[in-house]
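Heads up, the next two complexes both have chain A, just with different partners, chain B and then chain C.
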Partner chain A sequence: MNRSASPASLIGRVVIPLLLIALVVGPVAVVFLATVIGPWVVGVVNSNLGILRFVLAIAGVLLFSIPAAFIIIYMELKVIAYMNLRVGPNRVLPAGAAHSVVAGLKVLTKEDFTPNGADRIVFTWSPVLVFLTAVMTFMVVPFGPGLVGAPLNIGLLYLFAVGGMSVVGLLLAGWSSFNKYSLLGGLRSAAQVVSYEIPLTLSVVGLILLAGTLSIDSIGRQQAGWVWDWFVFRQPLGALIFFIAGVAEANRTPFDLTEADSEIVAGFATEYSGMRFGFLFFAEYVNVFIMSALIVTMFFGAWNAPVDVNWLLRLVGVGPLSINLDPGQLGSSLMAAAAVVPLLATLILAAPVYLLRRHRPAWQALLAGFLLLNLLVLGVIGLAAYMDWDWVAGLVWFMLKSFVFVFVFVWMRATFPRVRIDQLMGFAWKWLLPAALLNLFVTAFAIVLIKSAGIN
Partner chain B sequence: MTQPDTIPLLGLGWNDLLFLAFAAVMVVAALAVVLQRDIIRAGGAMIIAFAALAGLYVIAGSPVVAGAQVLVYIGAISVLVLFAIMLTQTKAAPRALVFQTQAVPAAIATAILALLIVASVLTTDWPKQVATQVADARSVATTLFGQFTLPFEVVSVLLLAAVVGGVFLAKRERDRGEAD
Partner chain C sequence: MDQNQLGNLWYVVGFVIAGTGFVFGTIALAWLLSHRTRGDEHKGYPYESGIDTFGDSHARFGIPFYIYALMFVAFDIEIVFIFLWALVFQDLLLGGLVSMLIFVAILMLGLAYAWRKGVLSWR
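Here is the complex of A and B:
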């Protein structure tokens, strides 16, 4: 009844003892952490750096693969729409930018259905296997100098080994669905992927002879410099075969017989729904990105810029740029600058906006100025990062080039009709395989010729 | 390839733990290959056993052999086995093995294999074998094309003969089928 009888409310009676306990326990815990647990954790981390790096790399690759797939799916919808004179997705966010994300969420919420008569265990695990092989391939893709999940010295061998495993997943997915269209899709995928793997692998052997290594990282390093240092100019036939066989390996148009919707519904994915279908779907787009990344890495200069930036700068007379600004030297003026410069710059940037559009309220102009300042600062930071860290520059170039090839993949899907199964197999065995062998022999012959000429 | 440091709280090296894990997976998968009634699942278990064996090769210091193992055994041979099973086997077919009439020859073969394995285990000088070097692609290539060129070429000729024979058999059967 009388609320003021007790001066401390319930909350007070709980919080004050807790505060007291925290005051006592906190310092003890901090001391304990700093003296006992901290050094132990640091020691364990230091002695297990290799395995820690590996786990982090796997996590990073997994986290990267999903947004990459989303971006490629959106790109495919939009680009093909424009090529067909349609608008394409335009509802979620400006220009429908989040369309594929919403579609992905929709897939997550759908019913996960297993058909009667399907082999449950195989049916459940084959999409996982398909996605796993796609993500495992990412581990050896160098996104920049040193930016590679696992720098294997047998990277190319690993790549083809893991890439060949994906067909097992497709085959089992098709068989376990207990559906004749699924089985047809699975069998087609087995025939197609196994056939095209041979020219795919053989087309790179010439490149391996030239580079003298199986390490993807090292192949990337050897293409530094100008455009004409890229391997595509020394292995044009190999690059062409690799591209064609890569399209077939990724099951893309014009070689998408495994899920030809006008012939066998959706191939091996017919009976799949919910997130299991999502796995198969994502794996396809992850594979598209991986194929583009591999073509770029092996034949189109990996992460290297097409021009030698340092040579250009020296030509202008600037010399290699680097920013040697020591913030400690500025002392107290740094503090003053940090307080004043953002305010001043916002006002300065807001002024033209305010003058141009005087009917708008002043706060909008200020907001615009602030956003402009942020853009400017981000641009400057990005430029400094590009100049100072070669992995940032490498990542930028690598992504740019990879997405050019992703665009080519999408473009081909909008343009080409699907081939027939006999044309597909005939092309692999009668044209691509002899061409790959010819490329290998000519490359080996040229290398021997040049070596013997160099010795004489 | 090697993680020499020990795992916290366990005292085992990473390689020891990985070896144990791969070996356990391989034994279980190999048993599953033999004991499974469903032939496709047996094929799947065989793929798992091959993958675990590739992991063991990596731990033993020869990633090239591991890569070849995955490339050839999982990527090609297992796929062909699965392909053949799917073309010949249907859901309606009996799931149990029908032609299991070779128990005595199988027992003899198993006994001989076990004797061979025991003999090789007992006669190997293990401490010397542990210190093998990591075999990279270059050393494998120089050994294969330097010291063992003749066996390599003989094996390739044998494989070529097998391919030609297989194509001949497949062709003749189809021609006869069309003629009939």
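Here is the complex of A and C:
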């Protein structure tokens, strides 16, 4: 007999011994973890909560920026496609949902090329600077109550100080590429970002006058309550100027002269390729999200829901909701429920599916029932978390509102033509700057009037 | 509070280090994954719509860029003052309003001069 080894025998030779070893080692490892390492880990974590928060905040911000950018890129492809009566990406996953992820992976495998005359060190560092600016601005954006990288008390000042750094990155990218288009693109973006920085910053001063603080966290807290407690209703001109200047700061249409492909190829990114190019555009999409997040945080109620939930609850006659399930108290009945309920619920949910579509095999109906059960459980857990933890509710509202503004950014790209550079610069200095100062003084005057009238 | 705010400064440092590490890590990964070819001498030339490079690639550029940068510096420093003023405005009220009006009026005089001289219209 000279048979080659069949797959089953291969599996038998490798997997079954491993399984046996796992059966022996597994319980020992679990006991060891629970008795020796577990308390030690808990002790270390408890004594280093500050450091743990530090690491988690940084990792959270860095890891969140990746899916945020991918979602915005996908939105840009799909939404503009529908607005142009096209289909858009439709190959990777249903409706092309993973298109931008695959595109990102493609960029990762592209040749990263440095042209001959380029200043290699500066050429590499400028995308780093641009991306770093985006990540560092992310640090002070509150995603929910307490859900912020670092709650600086000089948040707004820090925001504009660090945000201005992106100019350096763009300028260096343009200069180090050793290319006429890049140089022009870099200079244009520097002039544009620098000019719109002034109205962007001045439009917030009216808000500081009202709030009396530079802490973004505190500005968010002051907008709790109903829709009309949001600062946009007390600072409509400020919000408008902030939005326009924010669009220009993020280099988006109609102010995307830095990447005007009909005039200067791709602007400062002309000579870039591979992952360094990827980071320049990664940073751009992160900036779009940051701008939307900032508009929401400062003018559109931050993480607060548009209705006053506590007022509603008091109206119904219920106190602040809290769910108290103590596993120890429920004891064995909880265990029994945990064993029986999923099985029964799966069967019950599968029954209508099986009855309605009798030609389907039973296992498909069972699978459908199981999926429905999971959805149900997720929904119940989500609802409980939403009502019990205010940061979950805050995160939900913050993301909803932010992505509405991201949608507006994308919508504008599909709608508006690009402005000329003289219109761009003239608009910043001749219209936005005086309007921002007007807003500032009208707000200050109103505060003086109200305070001296003694209304408080 | 001071201790807490000082601790927050470590977050800035941490974000700088982690962000830089993330970017360089990804670039290094891309360098490992990507292909590289030598190409001919034209590959390294600065891109100029397909023709060979003409003249100095660090070309000369217009004066307006400098002027806008100068104006930015002036107004940005003004904003630093305005921020501090806005923070304590609730205690200053009318006196603060009048003094800030005078301060901004002087700067507006400068802007009006620049406007009259035609600096603000791009040439």
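Here is the rule we go by: the second predicted complex is superposed on the first by the 399 of 456 C-alpha atoms of A that agree within 3 Å, B and C clash if a C-alpha of one lies under 4 Å from a C-alpha of the other, contacts with A are read in each partner's own complex, and residues count from 1 in each chain.
Here is the rule we go by: a residue touches a chain if its C-beta (ideal position, glycine included) is under 8 Å from a C-beta of that chain, and two chains touch if they have at least 3 such contacts.
These numbers come from a predicted model, not from an experiment.
Contact with neither chain B nor chain C is seen for A:Leu85 once the two complexes are overlaid on the shared chain.
Contact with both chain B and chain C is seen for A:Glu197 once the two complexes are overlaid on the shared chain.
When the two structures are aligned on the shared chain, A:Glu271 is found in touch with chain C, with no touch to chain B. When the two complexes are overlaid on their common chain A, residue A:Leu152 makes contact with chain B and with chain C alike.
In the superposed model, A:Asn179 lies in contact with chain C only, and not with chain B. By the touch criterion defined above, A:Val122 lies against chain B but remains apart from chain C after alignment on the C-alpha atoms of chain A. By the document's definition of touching, of the two partners only chain C reaches A:Leu209; chain B does not.
In the superposition on chain A, the chain among chain B and chain C reaching more residues of chain A is C. After overlaying the two complexes on the shared chain, residue contacts for A:Leu23 are found with neither chain B nor chain C. Shared-chain residue A:Val168: touches chain B; no touch with chain C. Within chain A, the residues touched by chain B in the first complex and by chain C in the second are 50, 117, 152-153, 157, 160, 164, 175, 178, 183, 187, 190-191, 194, 197, 214.
Residues 1, 5, 7-8, 10-12, 14-16, 18-20, 22-24, 26-27, 29-31, 33-37, 43-49, 57-59, 61, 64-65, 68-69, 71-72, 75-76, 79, 82-83, 86-87, 89-90, 93-94, 96-97, 100-101, 104, 108, 111, 115, 120-122 of chain C are the ones that touch chain A when the two sit in their complex.
Considering their complex, residues 44, 47-48, 50-51, 117, 119, 121-122, 152-154, 157-158, 160-165, 167-168, 171-172, 175-176, 178, 183, 186-187, 190-191, 194, 197, 214 of chain A touch chain B.
Note for the complex: chain B touches chain A at residues 3, 5-8, 14, 38, 40-41, 44, 47, 63-64, 67-68, 70-71, 74-76, 78-80, 82-83, 86-87, 91, 136-137.
On the chain A side of its complex with chain C, the touching residues are 50, 54, 57-59, 61-62, 107-113, 115-117, 124, 127-128, 131-132, 135-136, 139, 149-153, 156-157, 160, 164, 175, 177-181, 183-184, 187, 190-191, 194-195, 197-198, 201-202, 205, 208-209, 212-214, 265, 270-271, 274-276, 278-279, 421-422, 425-426, 429-430, 433, 437, 440-441, 444-445, 447-448, 451-452.
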